[in-house]
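Some structures are shown below for you to check.
In the two complexes below, chain A is the common chain; its partner is chain B in one and chain C in the other.
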Partner chain A sequence: MSIHPGTAAKRKATDSPAPANPAKVRRRSPTRVNPALYLFPLPAVAVVAFFLVMPTLQAFQYAITDWNGFSAAFNYVGLDNFVRAFTKDSLFTNALTNNLKFVLLVVIAQTLFSLVLALLLTKNSRGSILLRALFFFPTILSSVSVAFIWKFIYDPNFGLANSVLRTVGVDGGAYLGNDAQALYWVAVTQVWFHSGQMMVVYIAGLQAIPRELYEAAEMDGANKWQQFKSITWPFVAPATSIVVAYTTVQSFKAFDLILGIAGNPPKASLDILSTRIYSTFANSEFGYAAAQSIIFMAMIALVTWLQRRLLRLTPKGD
Partner chain B sequence: MSQISRRQAVALLGALGFGAAAAACAGPGGSTKPAGASGPAAPSAGAVTGKVSFAHWRGEDKAVFDELIKRFAAKHDGVEVAQDISTSNDYNAQALQKLRGGSIGDAFATFRGAQFKNFTEAGIYTELKDSQAVKNYQKGLLSAGQSGDSQLGLPYQVVFPMPMANLDLFDKAGAEIAPKNWDAFLAMCEKLASAGLIPISWPGGDVGNGGQLFNCMIANNAPVDDMCAQIEQGKLKCTDDWFIKMLNQYKDLRPFVQPNATGTAVEPAQNLFSQGKAAMLATGSYHLAAVRGLGAKFPIDLVFPNTTSDGKGKYEGAYNATFILGVNSASKNQAAAAAWIDFLSEPENAGYYANQTAQHVAVDKVEYTNPDLKRLSPWLQKKTALAARFQFNNLDVRNAVEASATAVISGTSPEQAAAAAQKIVDERL
Partner chain C sequence: MLASFSRRAILAIYAVIIIIPLTVVAFGSFKSTQELFAGPFSLPHSLAPDNFAEVVGGQNLGSSFMNSAIVTGISVPLTLFLASLAGYAVSRLKGFMSWAIFGFLVLGMAIPAQANMVPLYVLFGRLGLLDSLAGLILANVVSTLPIAVFILGGFMRTLPKELYEACSIDGSGPWKTYSSIALPLSAPSIAAAAIFLFVIHWNELLYPLLFIQTPGNRTLPLALLSFQGEFQTNYPLLFAGVILASLPVVVAYVFLQRYFVAGITAGASKG
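For the complex of A and B:
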């Protein structure tokens, strides 16, 4: 760990004379301040403790009980709830599989789509600005509105998708009613919903690239792909890292979109971890639902950490 | 004031954090007992004044209840009733937590089945056995609100979860409205299909409404009346012959439901029926007002898909007693809440509610003036089975078992669908 040179110098000056064996001597804090100053962060600490720390700790406690949510009686069951989730609950493992599949689909599609949009719409022409606004528009809608709009689009009888297909003589499908496809159609909705937001992140990155670099590359005879590879990508790589992390978390927690589009409870082919946890709470299994929530939290943390480790898109020094 | 070191300050914050952690590790539920939810004592007597919160999920009935509230307030000086309406899904998931404090839902409604059971176990209900209200109900319809010897809730509505039929289309197609057995039912569907109609509009994409057909399909197939409770307990299995037979009958329905039925939500299904494109809507009489609202002008009756081969089934239909009214044991205004429930249970007021909302009620001596209710009233006298799907107390089990029927409609074999459902049941035994 590096120490700021200024801090080191200050410490050296105040800690003299040097002790004979520095390892054995406990360093005393040199700072003595008016205790009243420590009262200032207390409201913030209290809020964090009450609304964040306590509920989190309670969730951990519930997770090792069989509490049903309202009864006074409960038993401590150790890690049974965690074991049950992975070994005796195919609804949970199905939701987990669906969720991972959904995250993978959305992260790949949304990252690529928003990057392509950004590349096409970086220029500040009137048309580009209009199109940017158009693609950004879904972001300002509530997820419930988005769910209802797309539920209508996908409706096999009166929906827009099948109506359009019928005009060209094609019989449309059941979309959300087809268990093998349902998750893909919701992924399409999710990408439509959030790509505009990610496009803005990319546009900010692209607009920071000095034009001279492209001019120089063109003079050197670099083609468009070489320019992208050697100039554009290194500049937008940090943005990609943000986009991927944000999209991962967002896709894990697509609760409102799924419930809006698939109803409550969603059928098994559209059940993801957050909707499964909700169903478990509604089924009066608070202890088990708390354990599922902790697994969910760990899963997001792990996947986010993994993708940061694997992608390593932030150039060194940033 | 003396100064403290940074270490002392950190120690102080640490102690606070430890205190918070210790507080967090108190028993789940904080005080461990819902405040004031003390179980089935009779609602306290007293003056009928003050504000009563009436919690329920039927937003579509708001205007009707508003009118009834006006009439109630005119009878009792200084009383006020406020409706606290949630969507049915939210109500199912959150009502218990909202009501246990007593500030919301002095009077309230619950769904039959798992929700009623949870409320009972949580001690939210008060005993209504000796109330004025209970005397107004048809005795045979009160069982859904009973727990042991106690009458905790009053099932206010009587609904028929059976397909509604457009009688004009049936006439035009020359189809039989009361098929005696399964073959006759399929022949009826065939006639409707031959007339260029969709025989059955079925909202397979909506778990709650799509599942209502299950009540009819299982009624005469199962060996016992508490078949769903026994499936949940592991005494009966989805892989049993009778259940597979029922799923095979669902398979028979494949050609008679609208294309892509498993992706159809309830509103489009209602539209197919209201617009005269489908001859039946496989939800229930609780959608009468909705389809009228969508412009349906034709006469409506109910059709029971009798699954027997010889027409000698135990039941001629299915019904449900729901919207179970109760008085909150944690309420601080129980006297007024009980008076409100008494008021709703008077035949005149129950009749107003029924005729305005197109819902039959369990209250006796009600005069039905609504033409739809009048036409469907004979069903109140028929031998109908109490809707079986509400016997499930575990919602995961219910959804899995009902999903087996949806899977069959979408093309899965009955055996495979049954095995998949049984796997979920086994995991929850």
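For the complex of A and C:
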């Protein structure tokens, strides 16, 4: 994600000029590569190849079968599973729509909110440091714990939100019980869960801005908004692309939070791609689940790619 | 950018939104259901750990705690060991091989766990790793190895090459250089990665959900999830479970807060 084209180019520039005299290189024998060094990455490479890359490739094979996971016999059905997902399976298209809506909501809300928090807490005062630690705290909890906490907040009868509202004489809502809103309330939970983490990424970006720029801008009579627009924003653009990309993947994978808050399997209004794949898998439709998981992976790749294209334009346009 | 008053107001409101639920959970874990519903903010009448006793005793949460401790306790160091070996080699090797090994290992970050869960389940079935802690450990290691290599490899590349050269002139082999130079010098990035992995492995839900059948083999997040089904609205019990499940991470956070931030942002900005 942060393999910037710049670093790759830099590395190439230092590596590529061919040594003028090959003999010279050989003479530097103490720095020559010891062959035993090739043994070092071997365990990691083997584990990744066998348990990560191979299963992923296999998913492509399963995806074109009607295998149920148990019987020895299965048929190759070509792209039927993919056709089924998009045309005949309303559960899947519903999960896909929910997922895209959820990702969009969370990415926009979390990026803006974590930037605001970071801007308010950039200074290293004692209070800022304390608040940063507090805002970051939810990130370390498990999704299931966070889900339970918010299930209680949203509980229509006994929940925290409605008991607070009742004391000020307002009727509370049904929250997760309201199918039209449920996904929004989970998005709120997700933002509560991870904004502190993204805030910290932004703070790192903000603290790298040279103070002199602001001093110069102030002398030129630029107001706070102008300073933000022409100094802060261009500088936090790289942090923004990290935050957006990470938030995207994180919200695509909100699986744990959804299962915790909505139960297993979740109802249709809270079903997203990862929970749908899990339900299909639990239903012993291994071939179909594999096809769905490939669509899932393609979706993440597509959305991430789109964002990178869009975000790359921002700093240039300024 | 914002006037001081609105700045303070925003921060205060958000602080409340974080603190209140956590306080309610902490108080609630000592209450009865009636007491909780009567007044979520009130202090508990007694500090008798009835709910904790019930979740630890009746619900297998005690054994789940042990399972989580075993799985995390082995997964984290194992991932760090494999990743540091690979990261070290990548920082020493040159040209294409270094690039190819690093690229191959790091590419795994792009594969979401849901994408390969079906084949992994089948593979684990064939290897007899289903319903075992060993399977969970392996799954944890595999899923986080790419990002661990990215963090550690990235750091080790910045170490001055002269140290290695001096060491090899002294006649040390790669293992000696790795263990006596590369590892100690990489301590900051290893600490950051360790905490990052600890949070991920301790909270991991998908793999236990996929692989574990026997209640006695459940890890904490799975045990918690399964009681949500049984105790729909027994919030005090759920809260006791939440506190128990979060305790090690929270205690570590209180003492090592700075490293948590470093670790998780290393994960965020590099993942």
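The rule we apply is simple: the second predicted complex is superposed on the first by the 267 of 318 C-alpha atoms of A that agree within 3 Å, B and C clash if a C-alpha of one lies under 4 Å from a C-alpha of the other, contacts with A are read in each partner's own complex, and residues count from 1 in each chain.
We adopt the following convention: a contact is a pair of C-beta atoms (placed from the backbone, for glycine too) under 8 Å apart; a residue touches a chain by one contact, two chains touch by 3 or more.
Remember, it's a predicted structure, so these values are computed and weren't measured experimentally.
*Asks:* Taking the superposition on A as described, I'd like to know which of chain B and chain C A:F135 touches: first, second, both or neither.
*Replies:* The second partner, chain C, only.
*Asks:* So, does A:W192 touch the first partner chain B, the second partner chain C, both, or neither?
*Replies:* second
*Asks:* Thinking of the overlay built on chain A, is A:P156 touched by chain B (first), by chain C (second), by both, or by neither?
*Replies:* A:P156 sits against chain B, while chain C stays out of touch.
*Asks:* Kindly classify A:G221 by the partners it touches after superposition: chain B alone (first), chain C alone (second), both, or neither?
*Replies:* Neither: A:G221 stays clear of chain B and chain C.
*Asks:* Of the two partner chains, chain B (first) and chain C (second), which one does A:A44 touch, if any: first, second, both, or neither?
*Replies:* Once the two structures are laid over each other on A, A:A44 reaches chain C alone.
*Asks:* For A:S71, is the partner it touches chain B (first), chain C (second), both, or none of the two (neither)?
*Replies:* In the superposition, A:S71 contacts chain B only.
*Asks:* Looking at chain A, does chain B or chain C touch a larger number of its residues?
*Replies:* C
*Asks:* Considering only the touch criterion stated at the top, classify A:V53 as touching first (chain B), second (chain C), both, or neither.
*Replies:* both
*Asks:* Examine A:F281 and indicate which partner it touches, taking first as chain B and second as chain C; both and neither are also allowed.
*Replies:* Touch status of A:F281: both partners.
*Asks:* Have a look at where A:L119 lands relative to chain B and chain C in the superposition and call it first, second, both or neither.
*Replies:* second
*Asks:* Report, in rising order, the residues of chain A that make contact with chain B in one complex and with chain C in the other.
*Replies:* Residues 31, 33-34, 36, 38, 45, 49, 53-55, 58, 62, 69, 151, 155, 158, 263-264, 278, 281, 286, which sit in both footprints.
*Asks:* Taking the touch rule as given, give the residues of chain B at its contact with chain A in the complex, in rising order.
*Replies:* Going through chain B, the ones touching chain A are 1-7, 9, 12-13, 16-17, 20-21, 23-25, 27-29, 32-34, 89, 92-93, 96-97, 100, 114, 118, 121-122, 204-208, 258-265, 268, 271-272, 394-396, 399-400, 403, 406-407, 410, 423-424, 427.
*Asks:* Spell out the part of chain A that touches chain B in their complex, as residue ranges.
*Replies:* 28-29, 31-36, 38, 45, 49-50, 53-55, 57-58, 61-62, 65, 67, 69-72, 74, 88-91, 151, 154-159, 171-179, 263-268, 278-284, 286-287
*Asks:* Quick one: in the complex, what on chain C touches chain A?
*Replies:* Chain C residues touching chain A: 1-2, 7, 10-11, 14-15, 17-22, 24-25, 28, 36-37, 40, 82-83, 85-86, 88-90, 92-95, 97, 101, 104-105, 108-123, 138-139, 141-143, 145-146, 149, 161, 164-165, 168-169, 173-175, 178, 199, 202-203, 205-206, 209-210, 220-221, 224-225, 228-229, 233, 235, 238-239, 241-242, 245-246, 249-250, 253, 257, 260-261, 264-265, 268-271.
*Asks:* In the complex, go through chain A and note every residue touching chain C.
*Replies:* 1-2, 15, 30-31, 33-34, 36-38, 40-41, 43-45, 47-49, 51-56, 58-59, 62, 69, 116-117, 119-121, 131-145, 147-153, 155, 158, 160, 163, 192, 197-198, 200-201, 204, 224-225, 227-228, 242-243, 246, 249, 252-253, 255-256, 259-260, 263-264, 273-274, 277-278, 281, 286, 289-290, 293-294, 296-297, 300-301
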